[in-house]
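Look at the two complexes coming up: chain A is in both, with chain B in one and chain C in the other.
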Partner chain A sequence: MSASATRTAPLPEASRSWLGRVAWHWRYDPKLELWIGWWAMIVFYQLYGLLFFLVTRIQPPPDPSFDVPRIVQWFGDRHHGLLIGFGIVFLITGMLGAVNALLAYSMRRMSVSPAFAYSYLLIYSLSAVPGMLLTCIALVVGAMRPDRDPRLISWLYDFAFMAFDGTMGVFLIGSLVWMAAILLDRNRVFPKWFGYLNLCNALTEVVVAPAWIFKRGVFAWDGAITWWIDMVVFVIYTGVFITLIRKMIVREDFGTGPLPE
Partner chain B sequence: MKNLATPASFVPGQPDMWAFVLFEAMLFTGYFSVYMVCRMQSPELYLRSQAQLDLRVGVFNTLVLLFSSWSIARCVQAAREGRHPAALRGAFLTSFLGLVFLASKVLEWSREIRKGFQFTTDGFSSFYYFLTGIHFLHLLIGFVVLGVVVYQLWSPARRSQELVETGATYWHTVDFLWVMIFSLLYVMR
Partner chain C sequence: MTRRADGELILLWTLPVLAVLWISAFLLFPGFVHPMAPTMSAEEVAAFYRDPENLARIRYSMILFNWFGVGMIPILVLIVLQVRRMAHRTPILSYALLGCASGGPTLFLVANLFWLLAAFRPERDPQLTQLFNDLAWVTFTSQVGFLIGQCVFIALAIHLDRQPRPVFSKWVAHFNLLVAAALAPASFTALAMAGVMAWDGLVSFWIRNAAIALWIVVMGIVLGQAIYRERREPGVAA
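Entry: the complex of A and B
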């Protein structure tokens, strides 16, 4: 990054074509890696919504109190969607590496200890396993082995959604690490209110815990409190941090002091 | 530390904390709305279950937290007037009252559980443990916040009035949420 930053770069001309501007950024923009991470984040979250809500149709989550024949039917109804959708998920999961690196970078740009960035990177690198991949694997197994004992299919169904909705502890700790870094930071990388929003997000991660206990009602994994309200907070939180990271990249000066406004 | 060049804020403490207050208020409005809807669906069951709670404990909890709001307000006022030892006493009194609240809540929970009134007993009991539990968590975070307030007041080298007021804002929010929870769970019939 620093090597490319020192190159003499002709300014991009406004009259250049879109492709020309992309070529200019690719060749000269010292923030290229940051923009790649940011675009990876945009593409990943767009695909995530598309694949989980429309292709596989596993979100909003189905009823946890389905009986065994209904669960087998549920897998049958989504057979192709699960295979195609999660096939793509397995392909794009690697993009999370760039996303996590960008979030950790935001903490490295702060005035706080590097321990924040590295612990966050470690936590979020592991979080995709219980938070997403286990669900995908379990549901793909269920879809690919419809001839198995229906009770095993039913077990996979429970396992998949319990893993997806009930393992928010890693995200909780990650949000608290980011919050602490933002509140202690003196480089004004993010506004303090975003630090407090991280706390709100962390608290909603606790709220999903009752999904382990309840099979129906507002505290089950498809419940109004456990899923719907949490999903609203998650969407707001994600939209906010994508916007703020974009602003951070625009403001980035590769120095060590406060980020310019 | 507040920058002298920036114009005075129109709210006490960091405006950022007020964004948190608003967001939390919206979030709890969601929880309360869901509770009200569920309650309307089976009013008899909720009334019967609600009768298990001891209103006197709820009133005691509320008075303790309101008193703690008063003491943190006294802390802020004393800090504004430069009476930092008095401000510290206010912060310590607030912490003590917070501890009294926590202890009384734990005792109340253990008594209810011994009576067989548990998280999964019925719809009302689930909301009771959920709402008081999530509030309990906010209160635990409040002790970290009070720690920051005490840290600021302790040394003349720090004493950021903005951080003291930000901490007080958080504490008042926790009290405000409790008053709402108390009204919905203990009082409303």
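Entry: the complex of A and C
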């Protein structure tokens, strides 16, 4: 982890146990708040992948053109997965607070107006509600009563996947705010090419919009463009920013200056 | 000498008003004092909303809950401002709390909206009324994530406030972790239609809501103490 330590603190010994090193960072590491945000990010995205792909199996997404009996069967096939998996999602939602805080902080380190960090913080705090939680709530309500009128189960299915894929604005504008901050920044917090990678992520949110129109083909919510390309870009993007944020924290030098307000 | 109006104190003293709103709304809503069971059939749920004695109470109580939910945001922001006074190296924990302060009330309002929709046209097909009722109860009960996050971030912030006169005492951190633990099981409420875990059960309803009530009371008191102490300290502009 971080190499810097306050002058009075004993250096962490390599021979110490894992728990001993954690205790050292808890007590002495001046970058602790940053590392808490970074680890929240690692744990959250690992669990997110595990819960959405393996436990609930709602990703890769099912076919939007399923008929009503097939949708009811889809819920039946993953009844416990949905109820348990999304229970865990609800439990860990708060971790997003630390993740978004760290990403906003990266913008406070840049030579740009605080407007960028605050906009990003608001947009991404909002994004969890339509982009993740409403999806999970609709699927939980669909799963909890298998004897519900099948037409209503089918409505919950559409509600869930359109909330997940079709609330493009938050991620589109969020990525563009981050891109603009990186390209304007003179403190070189992130390399400029990462600014353009933000543009790639923003563009995936543009091409997802036709999912509101098409029920089959490359533009449907399970399509080659709307889902597969977008998911590849998103995974690369997330992997890259987790690495770059780690570099930013390692490089961070608070020195002995005054504490920030 | 004229005293300048102190905005933060005005916001702080909205809390007792909110508490009155909240207790009256809780007692007014006929589905809370004896919480509605998830095992009720669509016809029973529809009958609950169609009962003229219930219907007015459902509407008025949910309108009050709507005000209460948003009214909590300034109080949460006052807590964020106290966290900003702590001896931290970065604003990360106060940003994280700001995120939770917007998320929690938003989800409460979504639940509130579903209840009011169910009550708006109770003559609707009972299956639809039951759907709105399910969406309301599941959202209300299971969405504890931001509240848990809030408690954990406050606890972390207090532990990392390493100065001779910390803003909050250590016991407030332990109390917040305890509340977080009491809220946690409610995330899984949809797994049970009856028993302690169901949305009308001991754990998911009574313990969860008692923990939130206790949190508001205790945090209201320690927040008030911190704000008044801040004003007594020399060199602090109110």
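As a convention for this text, the second predicted complex is superposed on the first by the 247 of 261 C-alpha atoms of A that agree within 3 Å, B and C clash if a C-alpha of one lies under 4 Å from a C-alpha of the other, contacts with A are read in each partner's own complex, and residues count from 1 in each chain.
As a convention for this text, a contact is a pair of C-beta atoms (placed from the backbone, for glycine too) under 8 Å apart; a residue touches a chain by one contact, two chains touch by 3 or more.
On a predicted model such as this, the values are computed, not experimentally measured, just so you know.
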{"item": "Which of chain B and chain C A:32 touches, first, second, both or neither", "value": "second"}
{"item": "Partner chain(s) touched by A:60 [first = chain B, second = chain C, both, neither]", "value": "neither"}
{"item": "Partner chain in contact with A:218 - chain B first, chain C second, else both or neither", "value": "first"}
{"item": "Which superposed partner A:69 touches (first chain B, second chain C, both, neither)", "value": "neither"}
{"item": "Partner chain(s) touched by A:196 [first = chain B, second = chain C, both, neither]", "value": "first"}
{"item": "Most chain A residues touched (candidates chain B, chain C)", "value": "C"}
{"item": "Set intersection of chain A contacts, chain C complex versus chain B complex", "value": "none"}
{"item": "Chain A residues within the chain C interface of the complex", "value": "30-34, 36-37, 80, 83-84, 86-98, 100-102, 104-105, 108, 121-122, 124-126, 128-129, 133-134, 137-138, 140-141, 143-145, 148-149, 152, 156, 254, 259-261"}
{"item": "Interface residues, chain A side, partner chain B - complex", "value": "191-193, 195-197, 199-200, 203-204, 206-207, 210, 213-214, 217-219, 224-225, 229, 232-233"}
{"item": "Chain C to chain A touching residues, read off their complex", "value": "38, 84, 87-93, 95-100, 102-103, 106-107, 110, 127-128, 130-131, 134-135, 138-139, 142-150, 152-153, 156, 160, 184, 187-188, 190-191, 193"}
{"item": "Complex interface listing, chain B residues touching chain A", "value": "14-17, 19-20, 23-24, 27, 30-31, 34, 38, 119-120, 123, 126, 130, 134, 137-138, 141"}
